[in-house]
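Chain lettering (A, B, C and D) follows the sequence in which the chains are written, and residue indices restart at 1 in each chain.
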Amino acid sequence: MDIAVQLQGITKRFDAFTANDRIDLSVRRGEIHAIIGENGAGKTTLMNVLFGLLQPDEGTISVNGKPLVVTSPAVAIAEGLGMVHQHFKLVPSLTVADNIFLGMEIRKRGLIDRKAQIEQARTLSRKFGLNVDPAERVAGLSVGIEQRIEILKVLARNARIIILDEPTAVLTPQESRDLFATLRSFVEDGMTVIFISHHLEEVMAVSDTITVLRDGRVVATRGKSELSKRELVRMMVGRDVSFDRRPRSPGSGRAVLSVSDLWARDDRRLPALKAVNLSVSAGEIVGIAGVAGNGQTELAEVLSGLRPASHGSALLHGKELLEHSPAEIRARGLAHVPGDRLARGVDGNATLSANMLMGRQRKQPYSRRGLIDWRAVDRETKALMQRFDIRARGPRDLASSLSGGNIQKVVLAREFTAGGDFLLIDQPTRGVDIGAQEAIHSEIMRQRADDKAILLISTQLDELAALADRILVMFEGRIMGEIDGAAMDEESIGLMMAGIDPVAAAEVQ
Amino acid sequence: MEILATFFNVGLVVATIRTTTPILLVALGGSFTTKAGIFNIGLEGQMLIAAFFAVIGSIWTGSSFGGLLIGVAAALAFALVYAVLVVSFRANEVVVGLALNILAGGMTISLMKAIFGTRGSVVGRGIVGLPKVQLPGARDILGPSYAQLISGYTPLVYVAFLSVPLLVLFYARTRLGLYLRVVGEKPEAAETLGISIARVRYIASLLCGLFAGLAGAHMSLGYITMFTENMSSGRGFMAVAILIFSAGDPLKVLLGCLLFGFADAFSLRLQILNFPSYLILAVPYAVALLALFALSWRTRPKLIRETLETMRNALAEKPQDSGGKLPADNRP
Amino acid sequence: MISSLLPRNLRRTLAGQLLALAIALALGAVVILMIDENPLRVFATLMRGAFGDSEKIAGTLLQTTPILICGVAACIGLRGGMFNVGIEGQLFLGGFAAAWVGFSFALPPVLHVLVAVAAAVAAGAAWVSVPAYFRVRFGANEVVSTILANYVAVLLTSYFTIFLFKRPGGWSETPPILPSAYLPELFSFSRLNIGLLIGLALAVATALFFRFTTTGYAVTMVGSAPKFADYGGINVRRAGFGVLLASGAVGGLAGGVETLGVHHRFMEGFAPGFGFDGLIAALLANGSPIGTIFTALFFGALRAGSLLLEVDTTASREIITVIQALIILAVSADLLLRRKGDRTGGRRWKF
Amino acid sequence: KVHVAAISGYFAQGFGVSIVNGLNKAKDDFGIDLKLVDTGNRSLDYEEQFANLAKSGEYDLIFVMGWELVDALQKVSAQYPNQRFIFIDGVLDSKSMIYANFAEEQGSFIAGALAGMVEDLGPSFDKIGSGKAIGFVGGRDIPVIRNFLGGYEQGVKYAAPDVKVNAVFAGTFDDPAKGSELAQTLYGQGADIVYNVAGPTGEGVMQASAAADKYSLGVDIDMCSSAPGNVLASMLKRGDVAVYSIIKDEVQGKKVQPGARTFDLASGGVEVKLCDDVAAKLPQAIKDKLETLRQDVIAGKITIAKAK
């Protein structure tokens, strides 16, 4: 059998903690090989070792049958490996073409040949059906496009083995579908794809072989046909997990938030919200669906006081909240799970306790007369770590040493227990493993049962289908329409997400 | 009118060019480190050590060019120490920069004592200054009083000003320039593409040393022909300030340096009006401060303009709204 | 944040610093040999000059005081993510303001000191307030503005001293302050005054403030993750403004302590470089006020020791400067570099 | 054997250099033991530095230069009444010290008279324009420098009343580039002669006079060689003569006693030395007039006010 990548006995320790424990993995040429596992199972670490970003403590790597010491990414790239990272590594001030050819610039008489780069980038993007404008600056492009650029970067280096770390976490269903079509075409060309994902449907739909990691060890490697989704879940989490629509009782219906005619601008000062109207009642989950970058983040930021609105009004409990500071809005009952958890949600260089304290530092029992009681904070943090299943050694760990999913749980734990009665939740399960996803969904439903008003922004339709009472679809800053959560219809939502009014579309037909 | 003519004349422009040059040279050097994401507060020391060794070199070799080379070599040595400590040993760049400034001060004085047996200044003693470049034809075309605008400077003045477009090209179109920017802006990106961050930062430090060396040599062999203790006199710090607010962009660096050079040259002229010298001497710094504040003021969110724009957009987009179901007419 | 205090890290840091010191001293020995001196004799004299008898120890502490207070000023800024390079200027203005109160008003003893100190603090804070305002309101870089403000401050105090308040017949200095405004001296044999205690108390208070108060927590978060703090409901602008103001106030205090405690008047260029020494001390201590006590003491001892060195050996002032710079360089380097794996040069302070 | 120490922050600047020259000459001639201590520029250090010197009782004489040291000096000298301190360049209240007092205003008066008369010659004299203006570049604006300026202005006024003096200050003693820039500005504004009293900053003035092909006047030490052909003269402030003569007395057993010694035109402590190349072209009348003025000042016929 033709083996593209062979890892043997890979062990990687961070201080005393073992992130990868004697991992064996072999990936056949021309297959799509999925790696799944809970948050913190060691997936990213393993891929970083393979790509030369981390050095293993033990174990050997061979690529294309050749033993290899991957001292740096340059070595990996030279062997035909390419990696699309969980957090993108693009240079915002450069153009798409510059980013693609960074490190392998096309030059004429010693100078970088911009034109040729743009030309080649265009050819490349056409060839692989990844539509981007190579002359545009990366700053301000949507994550979907950024990912295409990352893939083009890899392709431009003639990679034959492509690693994607959670490529779909930030994509819409349509974008994901496109991506997988692309990946399929790659393997048909004889390339090899390794990808990490928390979406079991995806994994089942596209992969040929699946490896499950748990606590840094390989649980199993199987062909897809030998597995059912249920079995996979059991291997990963050790129990059954359900993703059906959650049962619910009617809420009290008391209006908590009402937004009317809200306008706002994005960072580039272009209109990002246009005449948005919506309302959320207590005991209700209102979902916002839409392709990422259609104003959802701006909506959340405006409502939480982080971004000024240009115009309009938003009443929380009947009182205007625009023009108030984030602190005041929080004091009036807002809890906010931000979409960009690394920048906004946590301070990576601070301990978990310090992260948990944010926003409640003036409250008892965390502080008394302006003095913080760190013991109480640690105690509370420990309790929250248990309740939200945050995998870390203790409250004094640095947030940055946690895996992506666990960082998200830290944010959720803090916000859900902050005592607000309006929850603004932006992408709660982005990059979170399925076990934890279920736990988070249960937690959101518990909040709903507590009569909280919840605005849930998600790009994942199955999540909205499972949780939301009503779904609003956003497109280019506008609310395109509303759909009942219980009777969600993927087709019409998909149309609205693409900016087509389903009613109008029906009329035309 | 006559008073005005004594202030604003060709001489002012020429003086501005002279006062700008040393700061421009050292600031252009700092642009490499700034772009590569290193905050180099040690420019002052690199300049000073180069000024000293340029003088030594000029005496030893008997040629100004030899002096220039040796001065630059000294600055490069300092830059190398800086890079080793900051890049390889992860020392705090501000501490290292300040310490190297102190070291340069102490070293030049000790060496001056050891070599010349005096403290203070080294004048004469066979120092060969850089020649003045008389551009052929400048006098014929521009006439004697305007010819001095472009002709009759020492070579490094031309080097300084010509370097600006070259650096623009360097950052925009060369591979190294691109890498410098990437390493400063997003080191993770560089790292994953196999660009060695350490190597690029070393190169940036050394290029910085090169230009700081030229600046130092210009001070002691071009601007004037002597060495004095601490003769860089804060020009390196001034360059640091300009670098931060220009983010190392060569054109903005040039603008900042010209502004400061002009304020300097102009304020010297103001002194004959009998204002207290201490206040006059503060003028260039105050002007630079005001410029900084004014620039930041300009980029503030323009609330009024923005609101107007929003309203205009809102009205313009209204017809496309999907029918009358929105409460449309409560807009001011 | 706290992890830097973990014993294992501490041990490693200590070992690293001792190694650094050894390397610096070895280099220094080479320099000393080049000027035909005996390194052992030089180092012994240095120690004797710094700690030889109670007078010398007091001299060391006297030198430590302004560096410590300036260092605390720098620490406050660093914690809040503000790089105050303008401590030098705040020191000068604080010094002048304290002297002005000291010689222009006749007040009862304790009150006079308090008012003069308050004037110094206010002057430091006021001097940084404009850069601080533009920093938090419009994002004008505080490093640039405070560097530039330094030059203006030094020239401005010179102007005040020479043109407005010069002591008749004297050199470029103000009239002496009234004895009622003197800071009490600690011992009869030295000029060492309660400024040292003020500095120590300030360092400890600052450390406790950042560690245990809600405001200190908020400021720390603003310094280390401004977006997070903003999101969490902390007023980032106000915190940044407050931090710069506090830093400037402490810088002004440093100047006040110098004029009221030591010089008893303001002179043109009375304390050049202390602001930068304080900054280096704070950075070497990685922004920790308690650590700054030790780095400041170290600098103070070096300076005090070098004064004797100049008289008792043939080593001159410049040689001593060179050795000091070598020590700072060596100590600043992370000699026991551990994480070889990630080569991303992390930057501690961003501009 | 006589042990001598000298302490100052200014050994690197013109006048300090001349003192160091005098000390070294004394060392060579008399085999004294010499210690130079540089105070640096932090006033916090001065007192300990004096104490370190005085405590050992090792030094027969301690020369002190620099007004910023006065406070520390007076304090320490009160603590060590037997230590003989010699304060250079001024007279203080204390009765127990020795003072070397220089009349720089006298020398500057002659320099001013020279510059004024040369400027008055107008374009008939090489390099002189018709502007009737001359310049002055000071280091920092401090009393000593003001004293130079005062004497200079009085000299100009005395010898050439319609010549105008433009005075500027560099704000620093060690930025020759700034000195050069200031001088070029003055030349550009019509001054034909510039007097520098600015230490190393002043070297820039000398070089600027060569670049602009105008005249300059040196100070403290003989600066004729800085810009041959462009330096009219140097106003020498003979620190070397002062320290040398004091040490000589001490070595010869005439123990130096507290009190003031004045170094002025009469005693040769200050003098204006014409540069040979330019002096050769100078009208004899001017040279004669200078000598007359010198005699008049010495004889007290002309009194020159000190700046306060």
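Convention: a residue touches a chain if its C-beta (ideal position, glycine included) is under 8 Å from a C-beta of that chain, and two chains touch if they have at least 3 such contacts.
As the structure is a computational prediction, the values presented were derived from the model and not from experiment.
Two chain pairs, C-D and B-C, are weighed by contacting C-beta pairs, with B-C ahead. Comparing mean CA positions across the assembly, the chain most remote from chain A is D. Rounded to a whole number, the gap between the C-alpha centres of chain B and chain D is 36 angstrom.
Between the CA-based centres of chain B and chain C the separation comes to 28 Å, rounded to the whole angstrom. Here the spacing of chain A and chain D, counted between their Cα centres, is 76 Å. Of all residues in chain C, those that touch two or more other chains are 155, 158, 162, 316.
For chain D, residues that reach two or more other chains under the stated contact definition are 38, 141, 171.
Contact of a single residue of chain B with at least two other chains is seen at positions 109, 188, 191, 276, 278, 281. Chains touching one another, given as pairs, are A-B, A-C, B-C, B-D, C-D. Residues 11-13, 16-17, 20, 38, 138, 141, 166, 168-169, 171-172, 174-178, 180-182, 184-186, 188-190, 199-200, 203-204, 207-208, 225-226 of chain D touch chain B in their complex.
Contacts from chain C toward chain B in the complex involve residues 35, 130, 134, 137-141, 143-145, 147-149, 151-152, 155-156, 158-159, 162-163, 276, 279-280, 283-284, 316, 318-322, 324-326, 328-329, 332-335, 337, 343-349, 351. Taken together, the chain B residues at the contact with chain C in this complex read 37, 39, 81, 85, 87-96, 98-100, 102-103, 105-107, 109-110, 113-114, 187-188, 191, 196-198, 201, 234, 237, 240-242, 244-245, 276, 278-279, 281-282, 285-286, 288-289, 292-293, 295-297, 299-300.
By the touch criterion given at the top, residues 51, 53, 72-75, 77, 83, 85, 89-94, 98-99, 102-103, 105, 107, 110-112, 114, 153, 260-261, 263, 265, 269, 271, 274-275, 277, 308, 310-311, 501 of chain A touch chain B in their complex. Listing the residues of chain C that touch chain A in their complex gives 1-3, 212-215, 217-218, 221, 224-225, 227-235, 340-342.
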